[in-house]
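What follows are several structures.
One chain, chain A, appears in both complexes that follow, with chain B as partner in the first and chain C in the second.
Now for the complex of A and B:
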């Protein structure tokens, strides 16, 4: 990755490389904005590179130079979202793709080690996840350490890339992706209602989930508008529910299931469980693929087919 | 303060100008009687109906919402109802997922000549909602709320 970045900068192919750099602790990686060849040594790639860098591209939309960005499989779907929405121009981006074995849910992994033990590093293989700590190396089954989104990853290899930094990784069979959604669907209505009320009630309306979302690039977001005011600033269950339903519908057919909203949420609202419900229904109803997995397949709610299912007669 | 015994459903009907509003008009012209619990909002097309309209209706006390447009193929703007069909197939499932009773959102295709279908649709919905009782999900307390809950069942 460092070599690719150096070369792109040296040959003035790009003016900026967006990648990951080490943070203050091993399990924190931070976005890095590298403009000079000599800085490329700061770049890292490890299983803590959970966050998506794609959305930063829109900040460089008006710059004269090209920007290179490091993307995992899921992040590449976010990039497709930005391209389809004309937020980013393809000819101004160099995509450095990383075929990915999965990234780590640092909070879940931390629960497996003695409190206060420092994490020094990590690596992932096909079968297990190795956590290096002060008191030795710990092996965890993949299922216990991976981020939820990685467990049923549909695109471990980026769907779009100019260079791939490793061998392609094959996708696992996708049968179980929506198991959690199906479980919630199977609950009695009162239980579903109480479950979501409980979560929506806690929402701080900080809008971190919107800010991080690659499908949320509106110049003026409906939640910032005061006239017309579709969702009042008041913090109560009714307005919070309105916020969540409107957000879910705004990203319906465009949400690429990158999981960034859920990661950004400071109070752990299960936003993926909401988004995935819509993704699952859209796929079942209209026969489309997960949004963002194909550049030539435009968002499902922006089009129609005369033979779509109809239950409104 | 109203008591539950006096409760009557409030149904908000978003009717497209070119078919369903005309259908409702025809029901009136033909002196068909239908439930007075529906309040009709005329919209240019079923494709104009934003889920936010429906959410707002529920927040402000609607017990059910009816969205009604031209039959597929007949939309005055050619494809508004096809887009609406996709949108409401998804939105209705989402409402049920978060715990709404699905019956509270109805979408129907009703043409300008189907006055009887309009009357029948409204009556049926009125019956269903009377059986379900008032909607509480997402309901806002009315302005000047006194502290006594209106519709605590």
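Now for the complex of A and C:
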């Protein structure tokens, strides 16, 4: 990755490389914005590179230079989202794709890794993540440490890349991808209502889920508008629920299921579950693939086709 | 502060019989901004409108709410009322307390009154946020396109052209005339169909203001009312019509015979052909599917015999672009394909079971038998003819639910013709009901009965061959018993369905169809000849089954509508169109993708961002194309698109008024 970045910067192919750098703890990585060849050594790639970097591209939309960005499979769907929304121009992006065997849930890892530990190297086997530290090799069992979104990965290999930094990884057949959604669907209405009320009650309305979302790129979000006032600023269950439902509907058919909203949520609201419910329903209604999997397949709710079902006719 | 007047209509007993109208007015008087609330028996009447005008002047009203029937009926009426009183017409809001309240809740008057009050509260909330809107004008191209050259299309074209406008008539078959040219006689007067149809065909061809494209199809329609741009595909005729004199040598010598569409398969034509001797234009086309030269690369007989060198095997399709201001759809009908579903009638395997259109050719003096009724299997004169009505009509199980309207009368005509031409023949008509609503129709039917036709009320359950005859088994519901009738010839009155390709054409032109693919009119009673897209009009059976008088009447009506549109050089455009707030728009262009009218385009705007001049893409609405459907406003996530007259603010105020 460092070599690719150096080469792109050296040959003035790009003006910026967006990748990962080590964070303040072993299980955190931080986005790195590398503009000079010499800084490329800061870049890292390890099983903690969970965050999606694609959305940073929109900050460079109007820059004269090209930008290179590191994407995993799930992040590549986010990039497709941005391309389809005209927020990023394909010709101004160099996509460095990393086929990925799954990433680690930082919250699970934090329990196992002592503060101040430095990671020297990492590898992934079928059953565990192996981390080389100064004090020896540390093993994180895959079952415990794997990020929830990686349990059923539709695109281990990026759907879109100019260069791939590793061998392609084949997708496993993901039959059970919406098992949790089905579980919640099977509950009686009162239980579902109580479940979501309980979560929405705790929402801080910090809007981190929105800010991190690759499908949320409006210039002025409806939740920030005061005239008309779509959602009041009051912090209560009613307004919180309105916020979450509007958010879910605004990304309906566009959510790429990257799970970043849920990761960013400081109070652990299962936002991905809500999004997956919508994705599942739209897939069943319109027979589309997960949004972002195909550059030529536009969002189901953002199209007009004469063959669309028209139950009012 | 807005000064709102509320006018609650009784609509006689339509509303007043259910809803406590004075109470609604009383409740409305307490709503914010309302300075006057009153009621009247018929608000749409002259004195009712005068009441509104006077109130606007006296109470210096700035917004008006009318609680009455659906806005589809009288919104325009009351807009004009406001205009008369000097108010902007778009400062009106209608509360529909008839269709959506009084009619729906007749059994619960108390709750209906409550609902009416809520609906008025909603309307008042919206009215206080209404802004004046101003209609812009768009230029009108005074040239009409008529699609379909049957009697409907010909009549519409002639009427528009006679009013002094240019007309383009497009017909996909090699000749105009349509189904009417195939018919023998027309009910109830029994005048010869060809004698009244072919002069019209000639009139169309000779009219200086009509440009005729036969053997051509409309390929693309862009633009909007007053400004359509149409692409017409002139299919390759393989004959240069500028050289051809129509002498007929080519089709005499052509060695290939195929079943003739015009003769409904009862006769043959050549591979180079004119559909029938009176065809317009009376010049041939080569049917490339059946032509020996096109199929096998050998023959070229027509080329050899043509005295003018008009045969052109290399001729390709031609695309013609035309600008028109209005479009008349006159695509007509086809017959229901009974062979596919009526197994009990033999799936079309018995040659002596024919459709009524085939019967028209059989009895036509210019038809394959020279007008003699001879059964197809062996050319014998039938002694017993059975007519079966409602084959595919009024049969939701196998065919269509609707009544095809014309079958009762033409079957009576056919029965009469058989009895007239074959003295001594027996005629049986199986029917469900006899529907003869029309001038002199019932009289005609009674005459057929007097002629000796046996009408049997009941459906036919089976037709099967026995020897060289057919046995028709059915039920006589009046006698309550099974009947079996021996027949030499059976004629099926098959349902009228929209002509093949009607639904695809509707999509291409941008109008809608009902569940049977008949074109939908803008309003079933008040706008029966207009499609729901502005500038597109309907004539004839493409809108629903019709006989010739109704078709001609509707065609003339459509022509009158076109002429009204063409009476001005510019027309007022509805101001209730979408508008983009370019500051909020982030250029995802989802609105463009969901717009059914292709009214949204990307434009580039420049602006300063952090001291730098940048360019970005935003959406922009073409207000001429926009029909105000609102699809884009829903697709727009940041709420950057507002539909004028239905802005986000207005709609939210309505929701608040109803729900809070």
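Assume the second predicted complex is superposed on the first by the 278 of 313 C-alpha atoms of A that agree within 3 Å, B and C clash if a C-alpha of one lies under 4 Å from a C-alpha of the other, contacts with A are read in each partner's own complex, and residues count from 1 in each chain.
Keep in mind that, in the parts below, a residue touches a chain if its C-beta (ideal position, glycine included) is under 8 Å from a C-beta of that chain, and two chains touch if they have at least 3 such contacts.
Values in this document were obtained by computation on a predicted structure and should not be read as measured data.
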{"item": "Greater chain A contact set [chain C / chain B]", "value": "B"}
{"item": "Which superposed partner A:62 touches (first chain B, second chain C, both, neither)", "value": "second"}
{"item": "First (chain B), second (chain C), both or neither touched by A:238", "value": "first"}
{"item": "Touching partner for A:300 - first (chain B), second (chain C), both, neither", "value": "first"}
{"item": "First (chain B), second (chain C), both or neither touched by A:285", "value": "first"}
{"item": "First (chain B), second (chain C), both or neither touched by A:120", "value": "neither"}
{"item": "Partner chain in contact with A:196 - chain B first, chain C second, else both or neither", "value": "first"}
{"item": "Which of chain B and chain C A:85 touches, first, second, both or neither", "value": "second"}
{"item": "First, second, both or neither for A:264, with chain B first and chain C second", "value": "neither"}
{"item": "Which of chain B and chain C A:185 touches, first, second, both or neither", "value": "first"}
{"item": "On chain A, the residue positions that both chain B and chain C contact, one per complex", "value": "222, 230, 301, 304, 306, 313"}
{"item": "Residue ranges of chain B in contact with chain A within the complex", "value": "51-52, 55-56, 59, 72-73, 79, 82-83, 85-91, 93-101, 107-109, 137-140"}
{"item": "Touching residues (chain side chain C, partner chain A) in the complex", "value": "507, 512-515, 583-590, 593-596, 609, 612, 614, 616-617, 631, 635, 637-639, 648-649, 652"}
{"item": "Residues of chain A that touch chain B when the two form their complex", "value": "184-185, 189-190, 192-197, 222, 230, 236-239, 241-242, 244-246, 248-249, 252-253, 274, 277-278, 281-282, 285-286, 300-301, 304-306, 308-313"}
{"item": "Sites on chain A touched by chain C in the complex", "value": "62, 85-87, 217-222, 225, 227-230, 250, 298-299, 301-304, 306, 313"}
